Amino acid sequence: MSEDDGRVPAPFGTRDVAINGIEELGPYRVFSCSDPAGPVPSAGQFYMLTGAERWGGGVDERPYLPRAISVLAAGDGQLSFVIEVVGPGTGRLAELVDGDRLRLLGPLGNRFRPPAAGLRPILCGGGIGVAPLAMMAQQLVAEGREVTSLLGFRDAEHAVGAEFIAGAAVATDDGSVGHGGLVTELLLAELDRDPSAVVYSCGPPQMLDAVRAISVASGVPAQLALEAPMACGYGACYGCVVKVADGSYRRTCVDGPVVVADELAIDWLGGERSQ
Amino acid sequence: MTVDLCGIELAHPVINGSGTFDVIAARRVFGAAVDENFPFSAFVSKTITLEPRLGNPPPRLFETPAGLINSIGLPNRGVVGYLEHDLPELATLPVPLITNVMGSDADEVGQLFEALEPCDEIAAIELNVSCPNVKTGLDIGADPAELSKLLAVVRPKTSKPLIVKLTPNTANVALVAGAAEASGADAVSLINTLRAFAADPTAPGKAWLGGGTGGQSGPAIRSVALAQTSAVAAAIELPIIAMGGIANAANGRQFLDAGARVIAVGTESFRDPLAGAKIAAGLLS
Amino acid sequence: MTVDLCGIELAHPVINGSGTFDVIAARRVFGAAVDENFPFSAFVSKTITLEPRLGNPPPRLFETPAGLINSIGLPNRGVVGYLEHDLPELATLPVPLITNVMGSDADEVGQLFEALEPCDEIAAIELNVSCPNVKTGLDIGADPAELSKLLAVVRPKTSKPLIVKLTPNTANVALVAGAAEASGADAVSLINTLRAFAADPTAPGKAWLGGGTGGQSGPAIRSVALAQTSAVAAAIELPIIAMGGIANAANGRQFLDAGARVIAVGTESFRDPLAGAKIAAGLLS
Amino acid sequence: MSEDDGRVPAPFGTRDVAINGIEELGPYRVFSCSDPAGPVPSAGQFYMLTGAERWGGGVDERPYLPRAISVLAAGDGQLSFVIEVVGPGTGRLAELVDGDRLRLLGPLGNRFRPPAAGLRPILCGGGIGVAPLAMMAQQLVAEGREVTSLLGFRDAEHAVGAEFIAGAAVATDDGSVGHGGLVTELLLAELDRDPSAVVYSCGPPQMLDAVRAISVASGVPAQLALEAPMACGYGACYGCVVKVADGSYRRTCVDGPVVVADELAIDWLGGERSQ
């Protein structure tokens, strides 16, 4: 998926927009902003976000660089995002309140490709990975496609994230909501039932790797939206690479974040730390 | 505000730091706007080596207080791939092209110079001397005598203006700059990243970066860059391209006041791809 | 958590960086609490020289992104004044006293060592080798050979444990640490401040600091300090006192994991005089 | 004034207190906090202040160090301060709102000494230098002393600072309020009228130097509260020095901020930059 598949150019340079809607959903924080100047993003794309004021000054004097955040929903010149706080960058983004200015660059990256005719789309996600899948679900439903959504979470607290996709089946690690176990167990059951599907996936690296392995083993195509630490988001720093099948490295920001499962090297997770 | 850099006329004094802006990727992401509003008055390529390099395994980045450690590992297609794939795209740039190269010895550097020699699209060569000398473990550019020896061999192999990009990891950068001047360099650029270590926050005693150590850039190193720029400006007559943590026009102005002819923006472009243009505009106003 | 530093038993691994905590002033300001809750497991004096020094004219400080440049200029009463005025006050400290000294040549350093030799209150000497060599302009501690020559002369002049405080402004600090080890040092400490320049925000091209150039400290230099600590730990067997931007226990832990036996807190004490105690407590928990 | 004149020890270490009162007065911002744990400060003393959260992230990733701020008023476990924004540190302090936590160290430094019997106290200040004088005025009035207060400001906007001291005579540089000219012209007139006085002064370096020169020339004693860039405020860094009469340097934080005029070197301003 490294060709540019007709993506619309992003405005060159950052722009400041105002936050105009905040919502807490359990451990997640959803916020919206008005972005009349920006092109309409597609599911899978992301923005580099910075608080326009006081970005920095957190633990260890961070954050300093912008943070990559998937678009959750878009329309009518509005964008929304969902954040899970894991460090100083997401922490600062979650502190922003209505009226604060957000600095953004984007939309960036490629996007999920539409399912081939006859293939049933299955969305399979984990944790904060629900964001691009929620947007994909909306796109697919708008096109009249039937969607199967499978979402995995740590526990009941996080499982409220399932609300982002209507009708999603849920798995939790601790069994407190839905299936007790891995979301990929739900995926295997679905594929058992009917393998003529295409899988769209986003979530923690271990989950994505399981989806990759299932896709490779079963021949069911899968599009994986990857995460990687990013400094720039537009191909300038070469920092966000992932190892691909031929042993070389590919930039997640410009040749991703969406990759086809069999494009990844089998040991693509090797350089990753357990988070 | 036009600036003469070794006979190359630049529209303003702001260029990019090698390896911190990929115009080919930027065109894919931002389209024609990149060329219409090109942020730099010259474009410096990332470092090209003789053979292709994959670069280091991830993670390659670590955010620090007011900066960034990178361990990218100079991924590039090698000089043949560069000439074949990249140069045609770079030839259409609206600004002069400076090609940055690195080799581990005089033989490699000489071959690189010879390969670039016929390309009229390349206005100047920037030689990155932050390459570790296999024998001493020091960067070649850390030792004035080593650098003189290298330049004595390779300088004759190019007719293009030659910019030597010094390493900051040395006891006295002015001595090294003096050696570059005496050995036929046409300009020097500085500073490259400071040798730095990122500890894995999740695994005590382990390196976070796939490449082991890395290089610190960003505002954290600005004061060191300013000190080295001043020291070099006091020691040599050559034009200086200065960089290191420049994040706004006021920062840039300080480097020009310290004796730089041209300034380069690196890490700040990651925060905003238009940083260079904004800084240039700020300097003009 | 007791730590042995060259035979001196420390209650925990956190001491102060020379010149960043003045216990005599702190007692005036905070009273008996300073001794009751002393933040460090040993106290390192500021640098003492043979002759009294007034220090540099103000301004002496410049705040930078995530750090500070200082150009204090080593004000002190000279070794005679130190022994007469300061030592009696320091002798009552609840922790061992390490006296930091600097001299511009072997003769000066030798005289300093001899002057301190009879004082049982002084548990160890820290030798600051960031003094510029008048002939080469480099810091004495930037060159392994220079340092060996110096230590060959002065090492025999003290029976106290000798800590050599290395300069970070060198191409390969591990080589210098190796020279210190081979020449009889009992420990090394690092890093001192990075050579830095602060431009006057109000007068283009002028230095802000009264002393001209200065030294960068604080979180901005932490990644460089970690890299140098790792490199030195890999090269020598001596205990290492590591510092540079340590602001919390997690930072400190990374230096210990990188091979330091003791860590020192400098600039962070300016933000909170109890920083050392808080970091020590964090390491224990 | 380098002896310790019975100052009460400050608590060892910073403490966090809550801001519980904010007021705008023209270009000045006054805020109060409750500090039940701290000793009662005296006029001339100061605190090192930091916002407990998000100190940093301003222009050039500053502020990083705490900032020295004079106490404006104290009592009943409350402290108040007044800020004029001149850079990232004062800017951040002025952003703090009710309920925000302030980190403080202090009270620090020496203090204004009481006037000798028979000497009439004249307070002579400029700009934000009004803060320690306002506290001194309160102390003197509480002791039943009559106080003459002379305050100089840039312009009418800043002259609202005169409200901090009841009954103060005002000079402005632009003549928009009160005497048009320097406050030291008012001081000279007062001393002409009755020279058996003691002057307490705080303000910009040039003004303090003029007061110093008047004191030295007239023999009228003057106590000057100095400002200097400070990293620590408690004598640790040796950064805040001022040149004194014998040519040596003295730390403003522990041997000041209050100095007697004739203790200063004649060229004490030499190392200062014009602000």
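For reference, chains read A, B, C and D in written order, and residue numbers begin at 1 within each chain.
Just so we're on the same page, a residue touches a chain if its C-beta (ideal position, glycine included) is under 8 Å from a C-beta of that chain, and two chains touch if they have at least 3 such contacts.
Here the structure is a predicted model, which means the values were calculated and not measured.
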{"item": "Given subunit A and subunit B, the chains that contact each of them", "value": "C, D"}
{"item": "From subunit C, the most remote chain by mean C-alpha position", "value": "A"}
{"item": "Winner on C-beta contact pairs when C-D is weighed against B-D", "value": "C-D"}
{"item": "Inter-centroid spacing, subunit D versus subunit A (mean Cα positions, whole Å)", "value": "54"}
{"item": "Separation of mean Cα positions, subunit D and subunit C [Å, integer]", "value": "34"}
{"item": "CA centroid of subunit A to CA centroid of subunit C, Å", "value": "48"}
{"item": "Numbers and ranges of subunit D residues touching at least 2 other chains", "value": "56, 60-61, 64"}
{"item": "Where subunit C touches two or more other chains at once, by residue number", "value": "64-67, 218-219"}
{"item": "Pairwise touch network: line, ring, star, complete, or other", "value": "complete"}
{"item": "Contact footprint of subunit D on subunit C as seen in their complex", "value": "19-22, 24-26, 28-34, 37, 46, 54-55, 57-61, 63-68, 70, 72, 75, 200, 202-203, 208, 210, 218, 267, 269-274, 277"}
{"item": "Contacting residues of subunit D [partner subunit A, same complex]", "value": "53-58, 61, 64"}
{"item": "In the complex with subunit B, residue positions of subunit A that touch it", "value": "4, 9-14, 50, 56, 60-66, 105, 108, 228-232, 234-243, 247-249, 251, 254, 270-275"}
{"item": "Touching residues on subunit C, where the partner in the complex is subunit B", "value": "62, 64-67, 69, 137-139, 142-143, 169-172, 194-199, 201, 204-205, 213-214, 216, 218-224, 226-230, 245, 250, 253-254, 257-258"}
{"item": "Sites on subunit B touched by subunit D in the complex", "value": "65-66, 219, 247-248, 251"}
